[in-house]
Amino acid sequence: MSDTRQPLLRVRDLTVNFGSHRHPLSAVAGVSFDIYEGETLGLVGESGCGKSTTGKALMRIVEPSSGSIELEGVEITTQKGKALRNLRTRMQMIFQDPISSLNPRRRAKDIVAEPLDCWKSVEGDERTALVNDLLSKVGIDPIVYGNRYARQFSGGQCQRISIARSLAMRPKLLICDEMVSALDVSIQAQILNLLEDLKAEYGLTLLFIAHDLAVVKNVSDRVAVMYLGKMCEIGPPDTLYDAPEHPYTQFLLGAALEADPDSPLHGEVLVGEPPSPMNPPSGCRFRTRCPFATDKCAAEEPLLVEMAPGHTVACHYPLSLSRT
Amino acid sequence: MLLGIIIVITVGAFYLIHLLPGDPAVIILGTGDSPANKARLYAQLGLNKPIYEQYFVWMKNILHGNLGTSFISETPVWTTIKSAIPIDLELMVISQILAFAAAIPLAMRSAKRPDGPLDRMLSAGSFTLLSIPAFIAIVLLVLFIAIDLGVPHTGPSSYVSLGSDWIGNLESLALPSFVLAVGSFVVYYRVLRSDLIATLQEEFITMARSKGISQRRIMWRHALRPSSVALLGTAGVNIGGLLAGGFIVQYLLDIPGLGYTLISAIGYSDYLVVQGIVLVVAVGVILINFVFDFIINIVDPRISRE
Amino acid sequence: MSNSYFVNELVEEATTQTTPERKKRLGVLFWICVGWLALNVLGAIFANVLPLQDPLYQNYSIINAGPSLHHLFGTDDLGRDIFSRIVFGSRVSIEVSLGSLLIGFGIGAPLGMLAAYRRGKFDSLLTTVMYMFLAFPAIIATIAVLSFWTPRSLLKIIIVVGIASIPLVYRVIRTATMNIATKDYVIAAKVQGATDWRILGRELLPNVAPIGVSFLLIGIATVITLEGSLAFLGLSVNPPTPSWGNMINESRTILQQNPWLAIFPSLALCLFLLCLNFIGDRLRSHFEVTEGKL
Amino acid sequence: MSLTPQLLVVKDLSTTFDTPAGPLAAVGGVSFDLNQNETMGIVGESGSGKTVLARTVMGLQPRSKVTVSGSVLLNGFEVVGASDVEKQKIWGLQVAMIFQDPMTSLNPVMRIGRQIDEILRVRLGMDRHAAKARAIELLELVGIPSPAERYHVFPGQLSGGMRQRVVIATALAGSPQLLLADEPTTGLDVTIQAQILNLLDEIKERMKMSVILVTHDLGVVATRTSRLIVMYAGRIVEMGSTRDVFVNHRMPYTRALLDGSPKVSNPSHTRLLAIPGRPPNLLKLPPGCSFAPRCSFATDRCHKERPELQPANTPGHTFACWNPLPTNRGASA
């Protein structure tokens, strides 16, 4: 499945450091990936692994320290002022906390119209019609609910309004940052189905960031796994979930709980906790918790290597080699 | 930061006089204006030198404990101030002890049942007290208690120094301390009450309850400390304001503290005394704030970690 | 008591669903207080037109008189009508408080919002400077400046008090803005391509304003008290211009002969403050601003 | 102490909050029992009343603005109607609770050792040294490295997983017979969640406790509980052995919960079974089955009459539905 298509988004060696010069915190440490038009790339990892920071760096909500981000061949990291604001409308982002993503003192239809008003792209009746259409598309009745304030909606409804707002400027790329993790199971299913429908209708490309492995698998065409600011493994969901190459991916899958009383009580549980990003381990960042780690892992940082077409892994000792 | 503040204060106090229109010598000398005094002033402050040099001369004097000599009373300014400071300290300590002693238990009672009858009563009371400035409180108290009811030794001009008779001293300070304490109490009560109510809704309080610990212990051991950050911050700021509020109280009741001295100095246009008091009070307020910041850091380990 | 947050959560779940917006009521007392303040302000504005006696007219035939039909609140030691002096005196309190807070908010609030939104060097520099001034007790500075900046006038008082209030306003507004600037909806607005000015005006201002208004009310009460204190030190407007503080100060020496001269202005001042405090408190709970934030 | 094998007997328990908007029925007519050394799960979405139920069982609901009726017999002690002072006798020593958010359930300004040994000193009258030694033992038991040093740290200096271990240690300090765990792993990462759940299992066996595991995540209870309660709008809608509830469930809502969540074993882009609408307003519950407005099988009767729990084929398995799903469907899809 090696792709000859031009990627919609091309990220190379993206690095984000926080904190002062004396106490740097390496949140994202040289991450590279591509997203092709029309696909959904799932990005999983535990809290603090840098997946959200990656998403925010793509939008330049946090400033990348180095690296390159190209959207449709245009370099984003060097843009400024109006050009940057304009580029942001090509990409959009949906946040984790549905309630806090909407200004409580504004009305639903004004929130959806905000991007239109910022750019004065459509006005008057056309604007009203577009806003009403967007609200109905996400399942919010514009006549009944359009004039309500954001604070009067429940979490699921807020997330629907956020989606409507993000679609107003017809973006190419939608970054979903943990967009369903604050929602209840039954609402989560509604939103995920809605997202799939809208993706088809609007021809969207998605970067779906989440910690829930099952949710990510459900929506993704490819899945990327991050640990402590580094990319561990990228591959198609079926192979990655069935035959992971990186030990971390395997542990992550082993810890995921299935809603099935017959699922085997998982085998080995990963011990310890991730080290501090203020002081990351040398070489492979996972080596401190990895049962297979050797001296080589401490000395040399593993690079992403293609194991199979479209399946790359950053590990000196990929699991398929040890299996055989 | 602290150094910066001290520079701002000293520069502020020093240039106060130059910011104002008119000849500084005339302003400083005020009613003590005579050619001889003028010559002495020029010599003392080096008024003919450039302004920044004047500042360094003045700073050097201050660091040697020399705030100048008043041209009106002909006594060193520091001597005048030194005799007034203990009175202010005493007033402050007594009134703060009273205010905290009343505010903490009452705020706890209120927070136990917000909107309960006791809370409503205390809230209404605190509102009323909040709306009575110290100077009105004094006037009204003097009018109703001291005069009408004939309570002794609370009338004007009855200050007894601590050294001569400590009971008499406490009695003479009873009314001013009370007025200042009430002013502080209202503020402390309200801040602590609202923070306690918020703290009591925290999960860790439920956790403490689930351990089977008594209500009383939960209040004092679990709820008070995390609720007291805003209280201590307010107290730090309030004590600065208290010095000022204390001015009026002292002035009205003829208690020879800093406030009284300041106001009389303003009356005589004794600029050097005013400048000295401004400096001393400003430094005092900063030290108090500093101490309170320090206490807050100890009380709440979350703050120092940020 | 404890875990009642949890009940709130349930109620929120339940009420956000089908019930349309329930208006939070401010209560009758709130509107009585607003009415009283409005009456005071109107009185101050139209004092010249109202059928009041000249507040400066000295009628030596009735000095230190108690309340009567002719002199509702009695007369002072110079035979001036206390009622009319109170009405005219409110002008000083209102002018000083509004004027100085106009300066304080006009300079402090935009700076505070900008610093909190922009962050970076601009913020750290400005904040350091403001905090230095904040450490300098404002009341002492005010007293010191006013005592030597002669002749005193209303305008000078307004300028000095106004400048002294800038760092306070700055701090409150900056903290409030910072809490809001980190919310997702501000980031979301940025993502939509909104300009900084649009974000400041549309997203931040409406959410900072309630805290600003609450603080403004507290500020007015504080400045009115301050003016009264200055009057006691003879640092407010010069007599014979009436001000509440001046009147109470004048009453001090003749407290026994004429308690009315102390009681009525005190009452006027305290009632005014009470109404301000009450309105402030109601608005704070209405906007869910906690006292610690101010 | 008690001769009955049941540690906990709950009968017709209702909790109603008195809110400004009217009475809110958070828990309505719930009955169940729990055996010694058993782990039971309570699942439901937010607002289903599962957390209120857990707190009411312990008697931890707020004192004012709430009406509790029915009966909770905990080891022979009637919790409903007891005063706080009476309940304080069983709290911590017979029943303890673990809360959802380890970030907020520890006092941020108290050293963690103090929070653990408080119960030992105040309730069990241990002296300071003995209590400290026991607290360090407990910290070690819950898997905190270098416990003697950690005894002195503040909660803010620990990670979420470590804090939850401290919370567990605090709950264990009084050696309770019943542990109520309210969403104990919700805020934690998957690998840490697995560690904490394993720890709870281990401790339960070691200390011979019964555990009630309250969660919204069916994955958490699937392999770790023997019995399961499914709640919806404050009521039990299905109850039985975990296997029965997962495999032979009769209530459509249970199926919706199971099929609405994505599974790792499903292929990508599996269409989820999403039930429309949202949970009902607890302030004005519909007269019939609370789930009826969202249920595709609902009939007139469902909208008018509330179904009571009725037995299914397997003993101990009950469900509340007028139009139950057919039995013997084999493993659920």
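Miscellaneous remarks
Every chain is named by a letter (A, B, C and D) in the order it is written, and numbering of its residues begins at 1.
In this section, a residue touches a chain if its C-beta (ideal position, glycine included) is under 8 Å from a C-beta of that chain, and two chains touch if they have at least 3 such contacts.
All values derive from a computational prediction rather than experimental measurement.
Between subunit A and subunit C, the least number of touching-chain steps is 1.
Looking at B-D and B-C side by side, the one with more C-beta contacts is B-C.
The chain with its C-alpha centre at the largest distance from the centre of subunit A is B.
Computed from the mean C-alpha positions, the centre of subunit B lies at a distance of 53 Å from the centre of subunit D. Taking each chain's centre as the average of its CA atoms, subunit A and subunit B sit 55 Å apart.
Subunit B and subunit C, compared by their mean Cα positions, are separated by 22 Å.
Among the residues of subunit A, those in touch with two or more other chains are 154.
Multi-chain contact residues, meaning those touching two or more other chains, occur in subunit D at positions 46, 60, 64, 278-279. Counting partners per residue, subunit B has 113, 202-203, 206, 209 as the residues that reach two or more other chains.
Subunit B contributes residues 1, 4-5, 8-9, 12-13, 16-17, 19-21, 27, 112-113, 127-128, 130-136, 139-140, 142-143, 147, 190-191, 194-195, 198, 200-203, 205-206, 209, 230, 240-241, 243-245, 247-248, 251-252, 262-263, 266-267, 269, 271, 274-275, 278, 281-282, 285-286, 289 to its touches with subunit C in the complex.
Subunit D meets subunit A in the complex at residues 45-46, 159, 161-162, 189-195, 198, 216-220, 222-223, 242-243, 246-247, 256-258, 260-276, 278-279, 331. On subunit C, the positions that touch subunit A within their shared complex are 13, 16-17, 20-21, 183-185, 187-195, 198, 202-203, 206-207. By the touch criterion given at the top, residues 113, 202-204, 206-215, 217, 221-222, 225-226, 299-302, 305 of subunit B touch subunit D in their complex.
Across the complex, subunit B is touched by residues 1-5, 128, 131-133, 135-137, 139-141, 143-145, 147-149, 221, 225, 228-229, 232-235, 245, 248, 251-252, 255-256, 259, 262-263, 266, 269-271, 273-274, 276-278, 281, 290-292 of subunit C.
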